[in-house]
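Below you'll find the structure I mean.
Chain lettering (A, B, C, D, E and F) follows the sequence in which the chains are written, and residue indices restart at 1 in each chain.
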Amino acid sequence: MISGPFLSKNWMASVEDYADAQIVMLGLPFDGTCSYRPGSRFAPERLRLASWGLEEFSPDFCKDMNDVRFFDAGELEFPLGNTQASLDLIEKNVNEIYSDGKKFLGIGGEHLVTLPAFRACKNFFKDLCVVHFDAHTDLREDYLGEKNSHASVIRRIGEIAGFENIKQIGIRSGTKEEFDLMNEYSTLIHSFDGLDGFRDKKIFLTIDIDVLDPSIMPGTGTPEAGGLTYAQLREWLKYLANFDIVGADVVELAPDYDKSEVSTAVAAKVVRDVLMIL
Amino acid sequence: MISGPFLSKNWMASVEDYADAQIVMLGLPFDGTCSYRPGSRFAPERLRLASWGLEEFSPDFCKDMNDVRFFDAGELEFPLGNTQASLDLIEKNVNEIYSDGKKFLGIGGEHLVTLPAFRACKNFFKDLCVVHFDAHTDLREDYLGEKNSHASVIRRIGEIAGFENIKQIGIRSGTKEEFDLMNEYSTLIHSFDGLDGFRDKKIFLTIDIDVLDPSIMPGTGTPEAGGLTYAQLREWLKYLANFDIVGADVVELAPDYDKSEVSTAVAAKVVRDVLMIL
Amino acid sequence: MISGPFLSKNWMASVEDYADAQIVMLGLPFDGTCSYRPGSRFAPERLRLASWGLEEFSPDFCKDMNDVRFFDAGELEFPLGNTQASLDLIEKNVNEIYSDGKKFLGIGGEHLVTLPAFRACKNFFKDLCVVHFDAHTDLREDYLGEKNSHASVIRRIGEIAGFENIKQIGIRSGTKEEFDLMNEYSTLIHSFDGLDGFRDKKIFLTIDIDVLDPSIMPGTGTPEAGGLTYAQLREWLKYLANFDIVGADVVELAPDYDKSEVSTAVAAKVVRDVLMIL
Amino acid sequence: MISGPFLSKNWMASVEDYADAQIVMLGLPFDGTCSYRPGSRFAPERLRLASWGLEEFSPDFCKDMNDVRFFDAGELEFPLGNTQASLDLIEKNVNEIYSDGKKFLGIGGEHLVTLPAFRACKNFFKDLCVVHFDAHTDLREDYLGEKNSHASVIRRIGEIAGFENIKQIGIRSGTKEEFDLMNEYSTLIHSFDGLDGFRDKKIFLTIDIDVLDPSIMPGTGTPEAGGLTYAQLREWLKYLANFDIVGADVVELAPDYDKSEVSTAVAAKVVRDVLMIL
Amino acid sequence: MISGPFLSKNWMASVEDYADAQIVMLGLPFDGTCSYRPGSRFAPERLRLASWGLEEFSPDFCKDMNDVRFFDAGELEFPLGNTQASLDLIEKNVNEIYSDGKKFLGIGGEHLVTLPAFRACKNFFKDLCVVHFDAHTDLREDYLGEKNSHASVIRRIGEIAGFENIKQIGIRSGTKEEFDLMNEYSTLIHSFDGLDGFRDKKIFLTIDIDVLDPSIMPGTGTPEAGGLTYAQLREWLKYLANFDIVGADVVELAPDYDKSEVSTAVAAKVVRDVLMIL
Amino acid sequence: MISGPFLSKNWMASVEDYADAQIVMLGLPFDGTCSYRPGSRFAPERLRLASWGLEEFSPDFCKDMNDVRFFDAGELEFPLGNTQASLDLIEKNVNEIYSDGKKFLGIGGEHLVTLPAFRACKNFFKDLCVVHFDAHTDLREDYLGEKNSHASVIRRIGEIAGFENIKQIGIRSGTKEEFDLMNEYSTLIHSFDGLDGFRDKKIFLTIDIDVLDPSIMPGTGTPEAGGLTYAQLREWLKYLANFDIVGADVVELAPDYDKSEVSTAVAAKVVRDVLMIL
């Protein structure tokens, strides 16, 4: 019998069995409504490879990945080109994760994948709030007539959760109408106290990786200058460690647009950071 | 008044007015059903830029582009993420081109764009045949349940035109079932005499650029080793100059996957070659 | 008749007719005196493509591009390899723009293109001042004997305008002699009050895109570490909105050196910012 | 319980259980003695991802991958920087594969990994011959004093197997001494009949992927112009289907040197071809 | 006789003769124990080319390279794959440099090259201290069993110099055990006063270029988000100008991972900065 | 005294002293009249680095580089932006090489550098013929009014040498007028016997590297599909070994357009081939 030792085919430091996990990482390689540069479908598999370039210990969070019990479930196989069926598949699987008493960590794919995941999560946590990191508002009523679009995902979520239960960080691009909506509900926050109202709430955390500045994150579909440094995002995540996050995702990495693979390495570290606070 | 002179924003050697043209070049930046590496949506605009690296004279065809009267209509604007509405838009516009007594030259985008263009063309030429250059058969009944897919486009066209009216060149990848269908109708040909039956027919010419070997055409969604050299494709096109081609397209260039931009330069030359024989 | 709808071949949100414009955008694809990495000749056409990845609304400037009436004149066609004739062509066209009562926005090309544009502008505004963003002083007497060089452009302009009418921002590279000249005239400024003397003056704004740090702007001929962040440049531009800018250019983007195309996307945003304040 | 469906983390069409397999694919991410451009350590994991871009059916071999029962064992974990211990680990595992009555298919890594694999294989097949595809002779006595080097691997194997039992194809680079040795034993062959002596022998097949021309295989450590086309290599492999191959490997893909990922796609197809004839 | 003028094949502004130099720049193209992305072996030759894109004058240090008398000795030729012999060769040559009364400036290669250089330097300066810029602690007892590893280099140096004589800047990745060791000896410092104890000491300065943020330094083996900006590193170096630095190196640039070549340009500037303070 | 051993900073296998050489390799980093993609200025320095990836022995030419006595003179330093002065500098230096009784091997830069070199060579060999490998005719009367242009270089040379003394190989792009001129003088040849008339003549060999197909040579300014394979070019060069070549150059490599660096490796091999037959 072949004896190895073998390198793992799973995410760095993930547990072997679904049953042992408190968190389930689920890859969502869907980029069907992307309006500019596609390719986020390749993010989950490339992040898995890149995860092995990370240390297990994080000096920022003073924590070791071996103390985080998460299972790498792999990527869903989608019916290509059928947006609705893909979203339904996500919702079904995320529902199962919460039914099993575990937390969901989604790896996009484009931002629209957050909608069905949020819907599933909301079935289990009635007053679910949203913390949303992004360069773009994603608050459009529709995009070229399509209501289920990456550019409308937070609008759809707001219609479910109430826009007063959404806080947005890093937003720097959108239409006049979207910014008006943001102002109406004061969703955009710039400092930690903007999260004061979420202290005793359950939180769904969604990170569009383009919230980071394109200098550190060129590998994304719609790079937008003027973003957060990694250090700024990390401080936000360290602060969020004090909150009750019940689900999360990291989306919109498009690895092929950054041939240095730094974008993938940075996004892998952000995923590790999120695992530290889930 | 500003006097220039200015570089043109249109394809090299295109005519100024639609009315003066015998051929209408129409960009079709759609890649919604792509199953592997997306990005052919960027091909039409990049081919336009690259066209200016070409000479107007072709020693291979002994012809000058100034003797080809074609109009660069630009790219269609699609309702993003809505495959059916996009296909309908193509069909409508190609219909208009033929109604105006002109020939259509489509610039993909993915291969599915050929289906509505062929449908429109067939309205005007009842016994329309198809000459199909490709690495892949594209003869699947469906792809993950979807009938309108880049992987099924020639199957759909065969259902309209009759598979006996299709000839395929360069095919080297597909399922067992697809190759059985090819054998049943002897669609796959390897030498010029395979086109003997098309001598007096009207022909729609569709070139999936991945028919070329990936050594010369890395910039495509699904590169497949063992393809034609450019010289081989050029000889086929020179032979096709003897036939009555009433419509054509060149599809599946994904320019961002070839950072040397050689793929785009080669595809631009193929488009020039097609213009020489239309 | 073919009915579309078609994507525009012009810059995002530009007006259809020259007559309707207050600002004329003119592409200047010249890089003939570049001393290190050439390729800025490709910037205007690539910025046009990239402009479609931008939103029309800017939350930073609280303004919509539809309220900016600018015309995209396209690129000048230069007599290749003939520097003097190229410069003359620029001067002639910019003269025409000002004769028509419009403002000029140049898109380089290398920095030397600023010289003839400034000359033309100065014909119409006698006490014209210069605000110059750059990593390099560009104040050399000559470069390898050539007086008309990208490395001497601000020296030449200073000889026309008076060095006391030049303010420089972001400079971090040059010879000892150049820094001595900067000190003599106190051209280098580090905070907004350095512009106090320009309050009631007409200003020509010239932005060498390498003023940005190479982390966000690798796609330039001579990347120089230690530059401005995009946010810093944006704040300067927002402050400049209070001044009377009568002409401007953005130069030295070399798009092929940044295969992620982030440099082009960022430069397009800078161009949009400049349009907001012209 | 989460129900998926999930994409596989293993090679396309591999079997689930080691016990069911006739062939064991073993990744060997070692490039410690590479003398020019390192990075073949990343080949096994990237080939696994790329395998999903292949069809299961091969029209060239008229065979379906589902009829090939191979197990993807994953990659060995090497004691980094310790060449001898790494080679020992390979030998031990390959021994186990043959002890279990299965065939070995190695995925390099650099060419030195072939040495311990060959040694293990030779334990089970006494008169083992070698068919060696490569651009380089790899017949050096040593390389800068090191006997265990990618540049000496065939010399070492020849010392074990006898040089008369080695046939080489595609060689086009080496020292005068290496070519003298090749001439002495007539190892270099140019047509199928060069393999006539191997008809009734057991064969170990080793393919250094740089045997392919750099036009189709830029992603390798030491690209050497003048190589085989993919079609030529495929014809050799189709001919080898008539021989008794008991072990094989494909080595020296350095995926990061070809950002179009065509090299990886082509190498994945070569691996599929080898699986068809093992 | 051919008269030129010719471009130099040496580093910008280096002196012609070894005898005239106070500083000797020595290239160390060794990356044999690299655990993730290899390629730092190519750094010395590429930095030499890139040095010609720098100005001779530095406004930051108010100094001209012509006032720095350094000799570009070229790169050592290593016995490939033999770590110990390579390290010995470095130690021997650095010894010779100090024997000649000159200072050593090493250009890596991976970080392990610092160990023999430090050893040689320590022969001449008994109480030698270390200032260490890096993203990683490099304090492991061993790496996969190997004691001579890039991941253990500072541990080995600390065993020689005493950990109380090491100060580290920019560290953000390591194991729990490494951070415990750092805490025990307070090696990690965050502000200038952390260097107070080194005022009257001789200092060996070692800069792993990945101390810089990957936004500005993607071209390195193990990019780690959250690093220093170039401006921050430059301020540290300006402060270090007040100290007695007797030897230095700059290591771990892997130029091929940054195709924009910005990483190489930035590292060349860092080398120039170090030359200014040696 | 530092003892090394050191890697050479010169071309692989070049001799130390000019006096000992029969051939002088001279780098000509000039690309001032390039009409499409500039960057051939970087070819000489990159070819020098790449030369070290070649073996000294060539099995094709059965010859060792140590039997070729050539001196690597380095690159000329040009007065940037001044075409005429640059050409004069080349002519002067090449004159000196021939005055010293040596042969010239130029490394471009763009093709215009051949003109002054040819002029100098013709001073010493009255009936000098030209063998010209290229994708483009380079026979234009002028290019946008400029007579000294890379697109006119062979026209200028023909005016000096007589067009009957020029043979061209690989040409596949040009204007109608250029092809008419080629036909008039039967310059274009397709087989070895086309060189019969040159048997007893002195030959200047000029190779525009874009004569190779872009599949193997993407790194050039104006890639043109349908070119020679490396093997075809090598066979021509082997045949030319029977002729009396008194000077040669290899031009138009633009290394930055091929990030795999295969173009540079292939061009280096072509240079080695030329050295074998000079």
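The working rule: a contact is a pair of C-beta atoms (placed from the backbone, for glycine too) under 8 Å apart; a residue touches a chain by one contact, two chains touch by 3 or more.
Here the structure is a predicted model, which means the values were calculated and not measured.
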What chains do chain B and chain F have as common neighbours?
C, D
Would you mind naming the chains that touch chain A and likewise touch chain F?
B, C, D, E
Going by average Cα coordinates, which chain is farthest removed from chain A?
F
Do chain A and chain D, two copies of one chain sequence, contact each other through the same residue numbers, with over half in common, or through different ones?
same
Rounded to the nearest Å, the gap between Cα centres of chain A and chain B is 38
Contacts with two or more other chains, residues of chain F listed in rising order:
213, 215-216, 257, 259
What graph shape do the protein chains here make by touch: line, ring, star, complete or other?
other
Using the touch rule from the top of the page, what pairs of chains touch, sorted by label?
A-B, A-C, A-D, A-E, B-C, B-D, B-F, C-E, C-F, D-E, D-F, E-F
Sort out for me which residues of chain C touch chain A in the complex.
53, 55-57, 59-60, 64, 213, 215-216, 229-231, 234, 259-262, 265-266, 269
Applying the document's contact rule, which stretches of chain D touch chain A when the two form their complex?
1-10, 18, 24, 26-27, 29, 45-46, 49, 73-77, 92-93, 96-97, 100, 259
Which residues of chain D touch chain E once you look at their complex with the stated criterion?
31-35, 37-39, 41, 78-83, 85, 143-146, 148-149, 256-257, 259
Which of the residues in chain E end up touching chain A in this complex?
36, 171-176, 179, 213-216, 218-219, 222-226, 257-259
